[in-house]
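First chain written, first letter: the chains are A, B, C, D and E, and each begins at residue 1.
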Amino acid sequence: MGRRYFQGKNPLFLTIGAGVLITLLVIFIITPILGLFFRISFEQFLASLSDPVVWNALVLSLVTASISTLVIILVGTPVAWVNARHHYPGREIVDTLIDLPLVLPPTVAGLALLLAFGRMGLIGSFFYDYGISIAFTTLAVIIAQIFVSIPFYIRQARASFEQLDTMYEHAAKSLGSPSVPTFFTIILPLVKAGLIGGAIMSFARALGEFGATIMFAGNFQGRTQTMPLAIYTAMQGDLTAAITLSVILIIISFLIIAFVKFKLRGYGER
Amino acid sequence: MGRRYFQGKNPLFLTIGAGVLITLLVIFIITPILGLFFRISFEQFLASLSDPVVWNALVLSLVTASISTLVIILVGTPVAWVNARHHYPGREIVDTLIDLPLVLPPTVAGLALLLAFGRMGLIGSFFYDYGISIAFTTLAVIIAQIFVSIPFYIRQARASFEQLDTMYEHAAKSLGSPSVPTFFTIILPLVKAGLIGGAIMSFARALGEFGATIMFAGNFQGRTQTMPLAIYTAMQGDLTAAITLSVILIIISFLIIAFVKFKLRGYGER
Amino acid sequence: TGNQAEPGKTELTVFAAASLTGALTDMAETYETSHPGIHVVLNFDGSQALRTQIEQGAYADVFLSANTKHLYALRDQGLMENSSIGLFAKNKLAVITPASNPGNITTLADLTRPGTRLVIGTKDVPVGDYARQILKKMGNDSTYGPSYNASVLANVISEETTVTGVVTKVQLGEADAGIVYESDITPENRDRFLVISIPDQYNVIAEYPAGIVGSSAHKDEAAGFLAYLKGEQGRAILAKYGFALP
Amino acid sequence: MAVRRDLREYLLEAEFTVRQGEIMVLIGENGSGKSSLLHLIAGLLPPGAGHIRIGEQVLYDSMNGIHVPAEYREIGLVFQNHAVFPHLTVFENVAFGLRRRKVPEPEIRERVGELLARVSLENLSGVRGDQLSGGERQRTALARALVISPTLLLLDEPVSALDAAAQERMRSYLHTYVKTSNIPCIVVTHSFRDAASLGDQMGVMERGRIIQNGDLEEIRGNGSHFLHQFFCGCRKDSCHL
Amino acid sequence: MAVRRDLREYLLEAEFTVRQGEIMVLIGENGSGKSSLLHLIAGLLPPGAGHIRIGEQVLYDSMNGIHVPAEYREIGLVFQNHAVFPHLTVFENVAFGLRRRKVPEPEIRERVGELLARVSLENLSGVRGDQLSGGERQRTALARALVISPTLLLLDEPVSALDAAAQERMRSYLHTYVKTSNIPCIVVTHSFRDAASLGDQMGVMERGRIIQNGDLEEIRGNGSHFLHQFFCGCRKDSCHL
């Protein structure tokens, strides 16, 4: 994993090919996004920025997506680790189940969550009897985000763990390190880059989550109205306002993701 | 990466803790999905299965998601490889840009695509002059799916490549293997598990794609009406019909993903 | 409606508001039987989304909107065939509760009861706008009293961006009541709700306009379809799906 | 000690005792199971029937269902491929075992410093594990295993990558270390030098079994043609060494 | 050949010639830059000023901007850590270089079979690289480097993990191989046995530089206290070997 080696010279056609491919991909992704930028005016952008409704939504989005990502990391890391390193009956079924939320159209995911955690739901009715309602609260926003984005993290984390050579764990063990410290001092640092990548995916997916949220948590300003919901709400009236909100979301996300990448590099890069 | 070592006995509390965590996660994911299953009747399920509209949508979904995944693999793999192993100015910016589609609420993504590739769009108008319209075609469905799901694959693939020790590439090189054969015979097999994981994520995300598709490709039965759009359309009249379609989508996806996992294991597992 | 374009048939592309899904699907079928040369291609989405698509150059022959706002906006941009525009359906609003009626709502007055979980549309979607108009009218009426409007709105737990959102939440019993179009109570789901009608003096009549899109290549066929829609058979189907007629 | 484990086509079976303060040299052809045996003793491979004891302490006993996990065995193991942690500095690699034992920081510094001096890595203490040369890695692995004051030392070809001068120094240090700390030690090696200068006792492995086990005098003297052949690869009478 | 490269705190600088059919033994302390030098010659490390030539063929020349990529240098390199491909069988590991050269299948089978017999791995030819013992890995790495009939052989401690008998066999095979194929060869080693039985010429590295370079008679005879000390780690007069 050392990096002191240089890559030699690639044949010209490879370098050009790769350059063209990357350029095309960047164009493919950036043109639509720029299209959004061109649609709005700077005044409108500033006006939106100072709109308390927008602020509410932005703060709510960032807070809920952060909490979701945190929960996903806390729950997903051990699950991914166990699935990567331990054999138990039904492991692959569990692993495939974890992927299912990816396939559900978000609205259906929200519907499913209602059926489970709503007040008439399989689990929710139980809570409701104790006076706790889950649906239509900020908690529901977080649950919806976790549901749709946890698979991304677990998939990525499991792949990173599986790719790690077991010899380091054995070395740590032979030096008297029980599983938990080994995990934190040896394994985590070695797969850091992969886990951060997974967390970024989950965070981004949670930030953009709309369908499951509005179905399960409803659209209530200040409580469950995240940025995507604010964008949809605005879209019903004024498309430009909706695009302005989208641009704000894009800029903020870009800054956050770039910052996280810059701050938390994998151990291989300095 | 050998597997002949056993993991020793973990302290009891870890085993129990992991077991509880996995069980909770499975319950969290499976209850909502079961909730969907409980809502439908077997007769309705059979009736939907034989409905040509459903078949159309299902086939269209599987075909478009497969094509999208293929394109994503073909484009994403070299891009991820270059970003993992080569330094070039702006690499991290490109990498962060590639993540942006994750953050966009899908409808906004669809709107952005329409603004770029629609008849009036930045790029689309150019094609339109040559008589090619992109939006509202099956091609648009594929473009929308690629746009929203390519980041998942590239993220995962890059992490896998970065985690791979460079010594194997050097060994291959010293044995006279140019970059391309080395990539296919040495590198790909060693990161196979990670890439397949990424492809599964992208495929699943493409299968579930709704918002960007309906905005950019429209909701034309047989041409652009994929399963999620059919579910949406059914939901206008009858929730149960929509849930039935969702259940079909879930079952098919589960089978496909499980099959792929079973068929294409990573090199570490036999 | 078959899927692929069949040779020799004229393809008529109809953009219709999502709330027309059931009625238009039915109608396309009967229309194709009586007009063998025509194949009706349907695109259902929210009226706002359809409008955006047309603005961005989507090809459509006919646009059926769930409200006048979006269709008139297109007209004002010169994207519609002005002479063809006309109303073809009306829709009234109603309060629905789940069949099990967990909130025990039997009259409109019950909506003020604290703790009632009410869902309506956001103020920018027509159904939400109309709901607010209705509540305001009722508040101005002495039968319900001036605080009616505010105390009902205080019970709102979610402002949906689509009517389907309202319907789904009520159907699942997650909301005690919702305000929707009468046409949302479709033949398939009728027995899942209790319906409380809103008296005409408070109700708002939503208007569904239709028109031929300016860039249509099949204006004659489009006109024919509009005539059918507004004619005897069209009206019958619309009525079956709960629409009022102009 | 008796252990039992399936190797590729044969069983790993061994029965031997190493006394406190004694070094057993383990030799055998490639693939005969030497490394596997060490891993098994260290608790990194699942054993079959038998028992493993250090002094009074039972590490494994299949009859009584005793199985001390590897992390509680207090065994110093040098892996054949070193397994130096690539993301930690040399210092942190060596300090790793002490940190896990919650040794106070000043003591860690002192003990690690002493061992780094022993293996001449003082200058590289801040260098990451993945930036070391082969010999530097082996030195780190040695220091890491010795610093924890283990109750049993398992060394898998521990000086094979060291330069010749360092090999000599390390052999004499290892000898002193084992004698003064009075622990048993098993050294796997292919080198006659190692065997001659370290071994009190010798075991010969073949196809997963210890086929000979005994005093080193046999070798130092000139009793065994077999051992000479093993180390020289030639018949004793035609040896050019 | 002269190469130049920055190492940690010092420059890698060397100037030497190895003639066809001759073996140069490269010795030096751990971290002196031996492996780096081999990697540099093989084209895996970016060189600085200087040039590298095999016979008539210029591999690198900083003055004339010539830089043949590693994959076209036709050099057989045995890595210090073997770098056996973990997902390929022993057979496929050895066949790898031939497949890249589009050698026909029957010839591949024949050549690989012959080399596997040479390194006594016939029985393991279907075993995956990640399931080999240390010595088996090194054998695989040797076979893999030799089978491609390279025009230059770079061996980084090529027999250190082999059992003693195999070491002896391998040394004599390497000697014959280099003489019959008439290619230059550089062997890095810490073992006197290797140096004595393989070397025609010797280079001594220190801190990235070749500080001595000359004929091996010096060593075979008894001229140099320095070399004796290097290999024995003890003064010649007090040597017990």
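Structural remarks
Basically, a residue touches a chain if its C-beta (ideal position, glycine included) is under 8 Å from a C-beta of that chain, and two chains touch if they have at least 3 such contacts.
All values derive from a computational prediction rather than experimental measurement.
The chains touching chain A as well as chain E are B, D. Among the remaining chains, those touching chain B as well as chain D are A, E. In the contact between chain A and chain B, the residue numbers used by both copies make up over half of all numbers at that interface. In terms of their C-alpha centroids, the spacing between chain A and chain C amounts to 35 Å.
We define each chain's centre as the mean of its Cα atoms; on that basis chain C and chain E are separated by 80 Å. Residues of chain C found to touch two or more other chains are 52, 168, 172. Of all residues in chain A, those that touch two or more other chains are 1-2, 4-5, 8, 111, 115, 170, 173, 178-179, 232, 235, 239. Contact of a single residue of chain D with at least two other chains is seen at positions 39, 43-44, 69-71, 81, 131.
Touching chain E in their complex are the following residues of chain D: 8, 27-32, 35-36, 80-81, 124, 127, 131-136, 139, 156-157, 160-169, 190-193, 229-234, 241.
Those residues of chain C lying in contact with chain B across their complex are 1-4, 18-19, 21-22, 41-45, 49, 52-53, 55-59, 164, 167-168, 171-172, 186, 188-189. The touching residues of chain B, counted against chain A in their complex, run 1-3, 5, 7-8, 10-11, 14, 17-18, 21-22, 24-26, 28-36, 38-39, 75, 78-79, 82, 85-86, 92-109, 111-113, 115-117, 121-123, 146-147, 150-152, 155-156, 158-160, 162-166, 170, 173, 178-180, 191, 193-194, 197-198, 200-201, 204-205, 207-211, 227-228, 231-232, 235, 239, 242-243, 246, 249-250, 253-254, 257-258, 261-262, 266, 268. Interface of chain B with chain C (complex): residues 56, 107, 111, 114-115, 118-121, 124, 128, 133, 135-136, 214-215, 218-223, 232-233, 235-241. The touching residues of chain D, counted against chain A in their complex, run 39, 42-44, 69-77, 79, 81, 83-87, 96-97, 99-101, 130-131, 144-145, 148.
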